[in-house]
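By letter and in written order, the chains are A, B, C and D; residue numbering begins at 1 in each of them.
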Amino acid sequence: MKAAFLKKAGLLSLEEVARPVCPEDMVLVNVKEIGVCGSDLHYFNEGRIGDHIVTSPHILGHEAAGIVVEVGKRTRGFSIGDRVSIEPGVPCMACEHCREGHYNLCADVHFTGAPPYQGMFCELHVHDPRFVYRIPDSVSFTQAALAEPLSVAHNAVRRAGLVPGETALIIGAGPIGFSCIEMARVAGASRVIVSEPVAFRRDVALKVGANHALDPAAGSLPDFVRELTDGRMCDCVFEASGSDLGIADALRCVRRGGRVVYIGMGKEMVGIPHSDILKREITISGIYRYVNDFRPVIDLLSAGKLDAEIWVSHRFPLDRICEAIAVANDPAAKALKVMVTT
Amino acid sequence: MKAAFLKKAGLLSLEEVARPVCPEDMVLVNVKEIGVCGSDLHYFNEGRIGDHIVTSPHILGHEAAGIVVEVGKRTRGFSIGDRVSIEPGVPCMACEHCREGHYNLCADVHFTGAPPYQGMFCELHVHDPRFVYRIPDSVSFTQAALAEPLSVAHNAVRRAGLVPGETALIIGAGPIGFSCIEMARVAGASRVIVSEPVAFRRDVALKVGANHALDPAAGSLPDFVRELTDGRMCDCVFEASGSDLGIADALRCVRRGGRVVYIGMGKEMVGIPHSDILKREITISGIYRYVNDFRPVIDLLSAGKLDAEIWVSHRFPLDRICEAIAVANDPAAKALKVMVTT
Amino acid sequence: MKAAFLKKAGLLSLEEVARPVCPEDMVLVNVKEIGVCGSDLHYFNEGRIGDHIVTSPHILGHEAAGIVVEVGKRTRGFSIGDRVSIEPGVPCMACEHCREGHYNLCADVHFTGAPPYQGMFCELHVHDPRFVYRIPDSVSFTQAALAEPLSVAHNAVRRAGLVPGETALIIGAGPIGFSCIEMARVAGASRVIVSEPVAFRRDVALKVGANHALDPAAGSLPDFVRELTDGRMCDCVFEASGSDLGIADALRCVRRGGRVVYIGMGKEMVGIPHSDILKREITISGIYRYVNDFRPVIDLLSAGKLDAEIWVSHRFPLDRICEAIAVANDPAAKALKVMVTT
Amino acid sequence: MKAAFLKKAGLLSLEEVARPVCPEDMVLVNVKEIGVCGSDLHYFNEGRIGDHIVTSPHILGHEAAGIVVEVGKRTRGFSIGDRVSIEPGVPCMACEHCREGHYNLCADVHFTGAPPYQGMFCELHVHDPRFVYRIPDSVSFTQAALAEPLSVAHNAVRRAGLVPGETALIIGAGPIGFSCIEMARVAGASRVIVSEPVAFRRDVALKVGANHALDPAAGSLPDFVRELTDGRMCDCVFEASGSDLGIADALRCVRRGGRVVYIGMGKEMVGIPHSDILKREITISGIYRYVNDFRPVIDLLSAGKLDAEIWVSHRFPLDRICEAIAVANDPAAKALKVMVTT
């Protein structure tokens, strides 16, 4: 099969390798679409993310969907030909986090695409069937691959405890921000406000379903939000930019007693208006990936309640993955989500 | 002004009475539309509900919207001409339930329309402005009056903790059931199943947004649900029928670890499959009216996310209120929600 | 080793069998103490509980503690000689309940002592190390075995969300009721009331830490509670009797907005005052065993915050297990918790 | 009556003023004991806290208990001679925060002792009876006055959702830290760790009930905690120092999926290790005073479950209030909590 190997930072090479063997308790999936994520770019550009270092030829890619082409003989619940979405992290299911239902916090997770675990910018991938989800024909491979960022947003909206009729602010209009717009709308937010400094992203945010798209560079975001909400501010704020200003402004834009959800990874140390947390009894939740979120996301895609396609800007075949990476890397290309197809 | 007085069980009389005086900390509202609720029928038919007994001429009606025609001189936030929805219960705001944010559990609530507190089947009504909500022009008086049953459903969905992508079962397709269908859909249920023995009500339920409408008289509801959900059963069950079978089946149709919400008032003693609560660790929440639900409901109506008009079947002017009550009382009339207009 | 086999209802036979082999991912435990549970008596008396039927010679017993005598070569975290408490249920860790952190709801749980899974009225037992907990020397084997019922109570108090300073009512003073008294006290209940018709059990309840012990046969429990609480009733009610009256009275003794936890298994159908659930917005939680509760219970035992020994009434060596069962079965014996030692 | 007036920063003057008149819906309390709080010192030293500025002679003091000496004629539930604890903040009970049960977030709260509302360093004080709590003879006036900081801790432990058997870390051993130690112990923490740089405060922390008292100046607090907890870190961290290091270390000392509660007010902008919030899915709650916490705290004091007296270091009569303030202000005096008595 063909697979795209990162040899070292900046060097990606498409190679032919042996077809993987499907162990008896696994499924083998013919990958059809894979999204390019910011972390893929980070590995490509830097050769590492924190302690995860690319030391040998490494396949990136963890947002994927495909077709089951082989079913291990002890695997139940799958047939050849099943169209599926893949949850990339496979936890140990033995530690106390796994037993408590927070398997995303498992220290021994095998996360597809994060070294040393090979990813899915390739044609065939072996996966644990507990973390593979069948999709109906009405859900596209694109949507099924983007169940990954949508699951991050599902985790965020779930942790926020968003109740129908509340006002949501989403800071940052990238794929996670778009996912949060969709999910806040689905959860019944009566108003979704977006903050994003890049004009064309604000336009997309409105198409995705935001009611207002604000430019934080044009003034004070808290003041803009105060005006839009008659001084009431927002019930829930989803920080998806990871910027210093976004992280601080999130705390300034939330209502007394409201909830802030931090999703975007920022710098190691960030300054925050700490006394706001106290005076207004803010609840803050940090989000790390997703946990038990794929199934409801796929049910929402199946019910036609989520779109995702609208924020896909580019598609490249696997043969042209270097181009896909270059476009995703280049601000001038105005890429939103770039998909790779096999 | 004109007002409809219940003289005794079965005898309603429209009379001309003095215009109410607006105290300085109140607002006076010209009532435009009022819904006929099951409890109004109960008072009309029996002259009482439990300890609430009609002993002197009594005005019923507690689902109302109208226009502010006088603003007490110490009242802030309202102007003459404001279109408004009225939350009928005015609690003491001093007891521990009120202080804990559960003012619906206040033992000293003044509930509009429940004896001895006069209701709103009349032209003018004085109300506490803390429980009056301005509505935009895009929200009809019908919708604003039906914010009352919709708030019951908002309370129910909020207490259930319904998360986007979950499956909801609603037992009973009357106005509260319809409200629950709308609210479960708004909260992101990927699938809404309804159980209702009356055929034309099942048809309306589908129009309101249910995905499936089952007839519990045609077999075993738990079996029907098991088949529809591939054995998984429902994450949340909303019991809005108050029937013995509905109350018991609610516990049989919910998923392990799922939530049952009891809304429909049934008989004093009801038999339930108690061991199901244990074996499947069901969480059950009882719902009594609403608390802090009117504002989000009106925001959802303003955002066009709720409809309510679709389950209004009849409209009568206040002059013909006896006809309105008769229609609402007569199963052959196939009434859903009957509105009275002034 | 010696093991006590239930041959058929009423017939228990102590036999010598081969020493179990310890698989490489397991631990072999020399069982030191085992509690006799109501379900053991049920199996002994009836030969079955629901669908769990004793068809071949069966070892009962699931409340146990002991010493590790062999460690599988792939097992980590244990050494020979470790004193341990055993959580009897071993779930699949693959189904959605397991992944959601509710492994007690797993349909494929291997529950030690429930047919077809052999129990621990024997000298040696092989167990999955993920569900074995080391205990310090300060915790007795009795306490470590009774971590099982204490974990049920921990689950109950956790689900109730008991907050320091609240009033708790515990219905039924058997081992689960005693466990709930201890746990409610540990969780900061400012007042623990017990309802129990048997006088000597009420006496023990007071020794275990209850502030009041009421006799429900002497009058109306709700009236007694109303008087004790100045009409406020209880914040949390723990039903551990499984009796029809207890199940109904639980709903009558709880405060508006309060929480009822059902722990005691009763008859298939039970009559409840349903309208109380609505009018007072009661939240009810069903409890099934325990989930992630053993570790905190053992930490509480280690910290000297729980006792358990106080409600142990009898101890018998394994050789005299028939006597142990007989005593536990005989109301005249005034047994509380009967322990079997090896 | 005598009252201590702050004339300007640093100048306190004891004066004789007219006895207050008791309005018909109020109670008049003869104040017996009042605690000196850090905020009192702040007003004394700076003449202001933020927007709250002392512009005219002002009585400080908001931690108080006393005896009812007059009952307004419309006031119910109190008699002359009642011993009482006073909750200092009286909210509007009309805004949406009050209606939602978060009256501590009310923008129109009348907070006793915060300008322009006169405080309780005086002999007689008029208070709203909804925020006055009767205490039994077994609770001392000192304890009843310190129900105020204990209520802050109750709010913190409640928001943290501390479950019996968890490990708690408390950063900062002042009166709020001591209150948190007591409350975490009462809520069933199996282990309470304290971090405090001042040696004599660490000694008191151990007496109050902490299991370990660490010096954060002696090394890395996260490392100390890691060692004490076998790498597991703490389930709940209560930050009561307001220091930059404490605020940041709180996030480093909490377990994956754990909860951090911020109580201590720090600088306007504080640097935090933001990515920890995400990677470990930390939940952070800000605490502002208390809400519905006084009653359970008084019930806990009545039950003998809280002490508070142990961390009172000095007592002065009202005549010597300048001395009381001086001692509380002077680190060399080693004051913990200073009480003023009338």
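Everything below uses one rule, namely that a contact is a pair of C-beta atoms (placed from the backbone, for glycine too) under 8 Å apart; a residue touches a chain by one contact, two chains touch by 3 or more.
All values reported here derive from a predicted model rather than from experimental measurement.
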Chain pair repeating C-D, as identified from B-C, A-B or A-C when over half of the contact pairs by residue number coincide: A-B
Pair of chains joined by more contacts [C-beta pairs], B-D or A-D: A-D
Interchain centroid distance [CA atoms averaged], chain B/chain D, Å: 43
Rounded Å distance between chain A and chain B, as computed from the means of their C-alpha atoms: 39
Per-residue overlap in chain C, given as positions that touch at least 2 other chains: 100, 102, 295
Of all residues in chain D, those that touch chain A in their complex: 97, 100, 102, 104-105, 107, 247-248, 256-257, 262-263, 265-288
Residue ranges of chain B touching chain A (in the complex, touch as defined): 154, 157-158, 161, 163-167, 183, 186-188, 190-191, 295-297, 299-300, 302-303, 305
Contacting residues of chain C [partner chain A, same complex]: 93-94, 96, 98-103, 130, 292, 295
